[in-house]
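My structure is below; once you've seen it, I'll send some questions.
Chain lettering (A, B, C and D) follows the sequence in which the chains are written, and residue indices restart at 1 in each chain.
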Amino acid sequence: MNSRSGLVTFLVFLLLTAMIVLQILSMVQSDRLYERLNRLLDIQKGGVATKSAEEKKETSSLPGEEYPGDEGDWLIWSLGAEPATLMGITTLSSMYTRYIVSGNIFESLLEYDPDSLTLRLLLAESYNVAPDGLEISFRIRSDAHFSDGHPVTADDIIFTYQTIVNPGVDAASLANYYKDVDKVVKISEREVKFLMKRIYFKSLELTGGMEILPEHIYKFSNPEEFNKRISGPVGSGPYIFEKWDVGREIVLRRNENYWGHKPKIKKLVYRIITNDTAAIQSLRAGQIDFMRPLPDQYAELSKNEEFTRGIRCLSYWHPAVGYFWIGWNQDRPFFKDRRVRLAMTYLVDREMIRKHLLRNPEAKVPTGTFYIYGRQGDPNIQPWPYDPQKAKQLLDEAGWVDHDGDGIRDKDGVPFKFSYMISSGVSLHEQIAKLVKDEAAKVGIEVNLDPYEWSIFSQRLLDRQFDAVNLAWGGAVEEDPYQIWHSSQIGNRGSNYVGFKNAEADALIEEARRTLDENKRNELYHRFHRILHEEQPYTFVYTRPEQRFLDKRFENAIVHKLGVNTLEWYVPRDRQKYK
Amino acid sequence: MSENGDLLSIEHLSVEFFTEDGAAKAVQDVSLKIRKGKTFALVGESGCGKSVTALSIMRLIPEPPGKITSGKIIFKGSDLLSLTEKQMRRIRGDKIAMVFQEPMTSLNPVYTVGEQIVEAIELHQKKTAEQAWADAVEMLQKVGIADPQQRVVEYPHQMSGGMRQRVMVAMAISCRPALLIADEPTTALDVTIQAQMLDLLDHLQKEIGMSILLITHDLGIVAERANEVAVMYASRIAEVAGSDALFAEPLHPYTQGLLKSLPRLGLSVKRLPTISGTVPDPLHFPAGCKFHPRCPIGCNDKRCQTVEPELRKVDWWGKDPTLQNCERYVACWYAPGYET
Amino acid sequence: MNQQMQKKPDWGLSYGELVWREFFKSRLNAACLIFIVFLFAVAVLAPFLANDKPFVIRIDGRLHFPIFANLSASDYSVFLAAIVGLTQLRLIRRNRRKIEPSIRSDVLWRQVTISIAVILIGTVSAFIFVPRRLDATDYKSMIVSGKASGAIFAPVPYGYGRTDLKSREQPPNREHWLGTDDVGSDVLCRLIHGSRISLSVGFVAVGISSVIGIIIGAILGYFGGGVDFAGMRIVEIMMAVPTFFLIITIVAFFPRSLLNIMIIIGITSWTEDARFIRAEFFRLRRQDFVRAAVSLGLPLRSILFRHMLPNGIAPVLVNATFGIAGAIFIESALSFLGFGVAPPTPSWGQMLSLGVSTTGRFLWWLTLFPGLAIFFTVLTYNLVGEGLRDAIDPRLRKAE
Amino acid sequence: MTTYIVRRLLLMIPTLLGITIMVFAISRIAPGDPVSLSMGPGGQLDAARAADVRKARMALYGLDKPVPVQYAKWLGRVVRLDFGDSIKHHRPVINIIKERLPITLTLNIIAFVLIYAISLPLGVLAAVKHKKLFDRASSVVLFMLWSLPSMWVGQMLIGYFCGPTFKSWFPPAGLSSNYAEQLAFFPWLTDRLWHLVLPVFCLTYSGFAYLTKQVRAGMLDNLRADYVRTARAKGLSNWVVVFRHAFRNSVIPVITIVATLLPAMLGGSVIIESIFSVPGMGLLAFEAVTTRDYNVVMAVATIGGVLNLIGLLLGDIAYAVVDPRISFESAE
């Protein structure tokens, strides 16, 4: 009797448990159903678009070629810092932001062909530059649509332009480039025309290179509203934003509904690993696939057989590698004098830095602001050598002699002592600064290192509160030296931090901007290059190839003139790791 | 139970404390006998080894640094020192209980007094918790605490010093021990309460029939309450006697000195005599008789300065033969009857 | 421990001497004190132990003394402080023999005040009058090239700011006994010079925190009541604020300098002292000698600091010893996180941070040696603190 | 009891106000203002336009008002847990903290549990074996542990156990592997624990060294106490005496140590989390300080202060609960 009632209780419990389990399962199921429904709906919406695309296919084929290889797998990047935003256009966007969104989520009308380095069509079906260079019109592909199915229209382009130049929007540095745009005119649903105020050789690149934002998503009444939209980017690109797990990762999944050729890799994961050592460890452990190593890391690991068995070490030049420089603030009494600046350059043993700090035989000592393998710079200019004797001689000539016998050079009672601002925590910068300090001491110049956290460092840089500073500039496919070297960019938070002022240089820069013919322009730039070399407003320290580590399971990682393009990579099915 | 009615006898007990500065002989060659149902008093200045003797009986000498180096403690026919720790635990609190000097700190502040009494009862007597609690209340009543039902659940800090000492006594007698060691039970109490406390002990002794080892430095108490007395000086026993005999006719010069310094009714002395000098440091005892530097005889005597007198039984009763009810021992070369 | 309070005149031993004796009973304590003396010696003599300049060198037939010629103002003030400190210690020993016990503490206070004043004035004038010199002449290459001869170098012939990229990140070897760092500076040299930072941060920060703690504690304890209530709220605030975070914030937000770091550590760690002193003064203010002092109409300063303070200073002293260990630890943590003194000034914590290279290669010599230096220094001060506490604590002293 | 707690809570108010004033003051005194920080490298704005933007930003952040007003407004928002937006992350600070705080708390709670789980028995054992080999050895080891700088230990652990140079036993950074979400529960748990081992170790060792010292000292005091002798005299076994009597009394002061350990551990988190790249409050604090993310700095300091105060309060209440000598009513 007793045992039976026990049995009944047990059965009741069992039933209850089963019901609960079923309930949970059904909930999960319904979630899935819902998801699938959503996806279906997506496809349907997209379907409409694709259908229309098919209709038009005769008129415009998709840009580029179908990517080769098997579909599937994920690509996991390592990011050295969490991007502040996923909006590529705001001031706070970093290199990392661009890695994530540019070309993956947001697309522009035109893009650079990675091999010929000429502009080619992307969202645009055609473009037309008026002979005077003052009118640029674009026609948008009819099949181009955002990931939510909305077609890309002329309104989106105008909206994007207006957002960038809106003073309330945090895009001041970008807006600066569009100063020459007078207005943007909508010609039709799919056609826009940019009217320029003056001729500028980069106008096409700038107008065509704008990353288009969907107006229906980003429309705002108050600019702050826009500034606060840092996550959940929506664009027309081959990937869709999936999630941003703050402090951990950002995930993009493939846009199954992409208007162009779909990439093969299903997911792009950006792991945030702030610790450089940890990033390498994770790569070795197979937890990440792709990273940008520090020079030291590359130098050491690319020679390590065990490491290179599973990891491909990519090292390649492209026009945007930029260079590292030490800037001498020309408002300071000592750096006013060209000879002193030149002496400083003579003091920096750049070969030694290249050999022992970078440990990269491919790295080069630049002579100016242009890409060393590009056509803008004058290839005949040779870097100043390391020559402390010459430096001493120049300093003596300039009147900086140790008059009072305290070991420090002085002139008119001003001792040659200056503070050298560095960004704290960047070991390479610190190492170079320590080297400069030691070398300067040897010739009787006292240098005090002044480390600041990046935020303060950049403020002081903008306010030009430094004697000397080191930093790196990134480059562009075609450089316009205006931003960094034109005297109008001194002060008022402009980028001519060191206060380089040279009338001839200014004239050359201005003229080059107006010169549409590339050869003529480059001639002007060669002359400008020579001036920079002679004046040495910076000590150009090094430029080095881009370096990447990539897991060997990825195929088709071709190095173009513009670097690598993750969109064309794939993993053969048998080596795929993630589903 | 030993043949001559002794409940406990200590034979040649020696205890040493090993410190950084050397070995301190806290108790040396102590022998004494406690008779059943009687009160035995152990008297001496502080630091003379009387508390250590008591703790030795309980085997509660902290080891290290202390160590019982030799001797026997025979309790009801068995040597306590040869028992295992486990066997000893069965005796502690059950057969032999102890009341300590400091009522303020001898109770655990975080348990109620009831819990602390019950703990002992439950341990030694196979009783249920309810019975044990009932016993605890009864014990509290027995020691004269008003409203024991209420008090049993109170914490020590809610009670006065006298009350706490009563609780200590209640705890000690809760298992009706054969021997109660009371280590200066009244020193920390007010004078008025002292008497009550001692009366209570007397009363309980009669009721339970236990022996009491009363450790004190107060000769007044000894005279009133003890049947027998042992006087300790510098870790040795100087003299043992029935209390009447001792007070009437002290044999050891130290005892004599102590008694002289005791104020007596009826005698008008302008100034009480004291024993000159101080108690020697147990690390550096003088050679010979330890009392000789302070002794009116020994300070000039070669033998006292070199040879230590052992405790010997003497037959010297002075004038009053009625005092012969107890055996008498003394350790002094010059005591009458010592060298015969 | 030097505190000369006469509690039991007939014992012939002052309280300070008693504590001193008790302290030295333990061989470990003595060893620790010797280690501290060693550390001090290293810090004081750093320019003579590790320097890229020679003591003496013959150039073109003339003798030069580059190390001595290039001693900086801070070197001179360190020497001065060391000499005054040693003199003070001698004076204390002399006091014990020559000065009447009852006035010893007064004499001692006066001497200490004078010593501190001498050090302060000396330091300031050193910084004003000693010219700053810069001499980065490469004497070694002069010898190699035969321009100079007869040089005597320091045992560690490297300068802490000198770079040598060719020999960067070398493990310990015959030339660089403890290896080199990321720009080829000698680790041993940097360790030796780094001891100055650690020790000075320790002492100055604790000095500041003790002074603040004593003053606040004295005022709260003496006045009690409303003053105490308000003061205790401040103490509570300081206790509740996440101290280390506060220090990082202030160090990061304000201009970076060693003095700032010292001051910040000092003003964030006085609460314990204040509480000790407050409790002690609570007890003391009811005692007769304080009442007597008050009734004599002595000024408050005199009552608080001459009459009451000596009775409560022992725990502060113990606390200060632990405080030095704590301050050294905090300074190295700050440097480790990149908030320390500007490079290339050597700091142990900053050296530690270079220990794992970005490639994940473990430069063990850059981690091990500075780490050991911090560890042993902190450990020693903690041990001395512990020893002092045991020596001062009467309960433990006369344990049964 | 309630009145006691209410009283304590009331006393917390001035302290809290003091903390907020201090935090606010530091953020205002510090050079470098949030507006220019938020404007970033502005390229070249026209001077007039830059001034306009600046003015708008000032108004937006409320920086155009007098300082006391700013403080009052800020405090008003803080009370509603609104710490403003992070300048760096462009998100409400409170959301960031909601993500980070649990991580730090998890780490610290694990560390706490471990500290107590190790140090209580160890301290008791050392006290019971006073002056025996175990006691002496453990004292020496603990003292050394107590003096070991955590960043050194962290660095050495990473160097020796997480790197190619020696052993690669543990992951050097983060809280989980990146495929962790796909794992079943137990592998996931193992993975998580594997990541936690070293950071938790670093957070734990000095705390448990300290606490063990305290427990040992307390136990030694209590084992010498008269009531322990009383307990022995009752015939109680050694373990009953140690655990029922001495231990209970030794635990009481140890409870209040919780309150003092808490701020230290939050400080320690800054170091440990930056060494091991654990995305908790410590790392957030560190990053906020280096990027001058004022709102985050202020929030972290305020929340840290409040947590510490709560720790102090809980310590006091726990003390009062455990120790019958302190009665809430008589404490008033």
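A few remarks follow.
In this section, a contact is a pair of C-beta atoms (placed from the backbone, for glycine too) under 8 Å apart; a residue touches a chain by one contact, two chains touch by 3 or more.
From a predicted model like this one, the values you see are computed outputs, not experimental measurements.
Traced through touching neighbours, the fewest hops from chain A to chain D number 1. Interface comparison, A-C versus C-D: the higher count of C-beta contacts falls to C-D.
Of all chains, the one whose CA centroid is most distant from that of chain D is B. Here the spacing of chain A and chain C, counted between their Cα centres, is 48 Å.
Chain C and chain D have CA centres that are 28 Å apart. Here the spacing of chain B and chain C, counted between their Cα centres, is 56 Å.
Once the centre of each chain is set as its mean CA position, chain A and chain B turn out to be 91 Å apart.
In chain D, the residues that reach two or more other chains under the touch definition are 32, 158, 162-164, 172, 289-290, 292. Of all residues in chain C, those that touch two or more other chains are 252, 338, 356, 359-361. Residues of chain A found to touch two or more other chains are 277, 281, 425, 453.
The touching residues of chain A, when paired with chain D in their complex, are 76, 82, 84-85, 91-92, 167-168, 170, 172-176, 224, 227-228, 230, 246-249, 269, 271, 273-275, 277-278, 281-282, 284-285, 287-288, 425, 453-456, 458-459, 461-462, 483, 488-489, 492-495, 578. Listing the residues of chain D that touch chain B in their complex gives 131, 225-227, 229-238, 244-245, 248-249, 252, 322-325.
Residue ranges on chain D touching chain A, taken from their complex, read 32, 36-45, 47, 49-50, 52-53, 56, 60, 85, 88-91, 96, 99-100, 158, 162-164, 168, 171-174, 177-179, 276-277, 279, 289-292.
Chain C contributes residues 233-234, 236-237, 239-246, 248-250, 252-255, 325, 329, 332-333, 336-338, 349, 352-353, 355-356, 359-362, 364, 367-368, 370-371, 374-375, 378-379, 382-383, 386, 400 to its touches with chain D in the complex. For chain B in complex with chain D, the touching residues are 58, 60, 64, 85, 89-94, 97-98, 100, 102, 105-111, 116, 119-120, 123-124, 155, 157, 168, 171-172.
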